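Paired with chain B in one complex and with chain C in the other, chain A is shared by the two complexes that follow.
What follows is the complex of A and B.
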């Protein structure tokens, strides 16, 4: 397996794994194919204490991300009702999707256009308001575009830094938008005013291309590193254990 | 001893137009669809529907039964990221929202839990951090803020009690008195829906003797309290097209027809015919 070269999807999975670095013994709750693969990768390597779901009512110990052909190794019964104990207690880092996300990390998954009579009704507020003011949140954007990374979201479902700064009491303390990971780059909010910046670009992508695909002005440091490649052990885990059918490669095709 | 067995039509006979009705299950899972079907076939209208939404709300919207949707999401949810047959968006609800046919009362999904709990406990609201900073306060005028009376003085959101006129849930097994057990992975919020309602109706795959309720499940799965149940309806396959694990998975064929039915009147009629034949 050491001859395998990393696909773009593998780089994304590693970037997801890196988002969970340092999280320790909490629920890593990545939603989406590559997030589920990347979360497993973090647990199988440098964050062994993470907990992960089966997408339903159990936390399972399996390294495989999907299907669990050998059966699930259940370590906790976690029906939806118990999930709120975890979320509202802060013992979770969720990675959600976003139909729109702006420069301060405000997210929209509810509706496009005017909310009262939307052009396109989406999912609804779902769990985004509660997630973002209670536990760490990151976003996964499989197709980076100015429509998704846009200047202003139509409805704020997930709370960004500009709005969190207005909140009183402990709510602002519990708020953290850690990363936005896309098919082009890794972005974060580690700037004085929490505006989104490029943390790294995936191999073969330039910062100009990332800016071009973004609907607002990104903070671009003088020296932007390239996103980390998987090492040999990570590649082995990705191709042989976590996602042997390569579902992640369909979510983010080669550029 | 009360025998609460009734038909879906008798359940509908206890409901009235304009009522607020809670529907159990979650997304595409364990929805009381036989009871929803009976509503579709009735004269009921102007319903306020409280739900963790799936085909229940979608179908009732297209059938013209819904005045107001109280929800956090409407989605044909299934487990895992690998199911390619699971589009994230729900065409029927979408159409109703985009045409302005229904009133909209959005929440975060945990707020729905709190609202049902408040109603069940007969308090006007429960405080939560959830919603602060988001546009929920813009989009849902029922939400207010409340200040903690203690030294911290924190500003929180008051989630209003979601009082239900009636609740409809589907369980794997029930006895004729209304005790009921789920055999799948999650109770969802069905017991809370019943506790938050003036009257509750349980449809079930099979009515069994009380002594048999725990034949297939541990005691903690015996979650439905007959004191909250007015009627029990035996409806084998009554959750279809949604899943009712472990009795059956989602009916993908019927579900696909349902998803397609948002596109045209012909497709809607085709779905209704296939659903009624079940």
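What follows is the complex of A and C.
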């Protein structure tokens, strides 16, 4: 494995794993190819207590993300009708997609254009309205562009910081948009007014390029680090165990 | 009291034009055969309800049986968009489709309220989102004890709920197992309920995690082996994953879609058992 160098997709997977650092024994619910790889990577290394699904109806202990040649190691039968038992307890961190996301983390996955007569009808609100007010949420954007990271989302499905500030009680207590991870950079909301900032740029990407690909003004600290590279053990896990067929390399090709 | 009857008679007796119809089932046990019978009988102006509309609803919408859709997620699972659903919403083909959108939790709670005989359910979700403005059946509510701002969702009371299950006995009691969704709540919330089953057996055997629906909450039970295909019925059949991928191609073009429906649905004579 010493000859393997990290691909951009590997850097993204490590960034996903880092988003789950410190979460402990909760339901880690990464949705999408690289999120599923990154979540498994976190559990196989520094967050061993994360609970993860097989994408169907069970929580499983396997390190493999997509295929389980030796069979699934089932920890809990958790079909659709039991899901809310966990979701509403707040012990969950979901990472989901965003067709649009704005500078305060408001997300749209329902429709592009006017809601009453959309230009593009997407999959729908789904679980977003419950996610953002019941547990920690992060977003995964495989193709960073001003159309996705945009000034104003067409309809709000997941609640951002400006709207959450008007809410009170438990809702405000549970609201956290932890990260937005893209093929170019890692972004977060750790600023005084919770505007999105660049947390790190992936190797070979400049902050100017990230700003250029974003439809609003980002907070750019004076010193922006480079996103962490996988270490040798993480590379071994990625290439030999978690995603040996390299599905992640198709989701984010080399720049 | 459930009557054991044929699929055609069950639909004729229980699904009328303009009805609110919920066809439920999640991942497996999706009542395709019953949905196809609704198309064959030419029902119109239905309000279709389903937590997760997938290929079956794409077919129903594309055939123009629905005026409205109440839902929280609409897609071809693991494949992508529903092209007939999108064509109806974006271009009004073959007729405009009015949408009423909710979150998953909102839909589940609306069924629970309906099944409980309550006018609404309460949840924390929705606050801060735009759904409250878009949807008449979602309204803000203050907690009477703490004043916290919550959301009320109106109860769902379908005219008829249709599900598929593994087994019924001769008295019309039904048992389903495997990955279950909201079938129980959707049946109990409805005025009438139609169940298709893989098999009628002499006696239902207790199974861990199974749901039993007594015959007295059902209207009609029809034996339709394979009635969930191309989805599946755990312990009876497997999911036809290739079909879900093929549907992406079939459904992209209006004429290809209509040709497929003619051959595979309209021209088929339903089972009369």
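Here is the rule we use: the second predicted complex is superposed on the first by the 255 of 255 C-alpha atoms of A that agree within 3 Å, B and C clash if a C-alpha of one lies under 4 Å from a C-alpha of the other, contacts with A are read in each partner's own complex, and residues count from 1 in each chain.
In this section, contacts are C-beta pairs under 8 Å (C-beta built on N, C-alpha and C of every residue); 3 or more make two chains touch, one makes a residue touch a chain.
The structure displayed is predicted, hence computed values, not measured ones.
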Fit-or-clash call for chain B and chain C when the two complexes are aligned on chain A: clash
Contacts of A:205 with chain B and chain C, given as first, second, both or neither: neither
Which superposed partner A:186 touches (first chain B, second chain C, both, neither): neither
Which of chain B and chain C A:54 touches, first, second, both or neither: first
First, second, both or neither for A:36, with chain B first and chain C second: first
First, second, both or neither for A:67, with chain B first and chain C second: first
Contact breadth on chain A, by residue count: chain C or chain B: B
Touching partner for A:148 - first (chain B), second (chain C), both, neither: neither
Shared contact residues on chain A - chain B and chain C: 56-57, 79-81, 84, 87-88, 110, 115, 118-130, 132-134, 155-159, 163-164, 166-171
Complex contacts: residues of chain C adjacent to chain A: 26-27, 71-75, 81, 85-86, 89-90, 101-106, 108, 123-131, 134, 146, 148-149, 178-182, 209
Chain C contact footprint on chain A (complex, rising order): 56-57, 77, 79-81, 84, 87-88, 110, 115, 118-130, 132-134, 155-159, 163-164, 166-171
Residues of chain A that touch chain B when the two form their complex: 31-33, 36, 54-58, 66-67, 79-81, 84, 87-88, 110-111, 115-130, 132-134, 155-159, 163-164, 166-171, 174-175, 247
Interface residues, chain B side, partner chain A - complex: 26, 53, 71-75, 79-82, 88-89, 93-94, 97-98, 100, 104, 106-111, 113, 128-136, 138-139, 152-155, 185-189
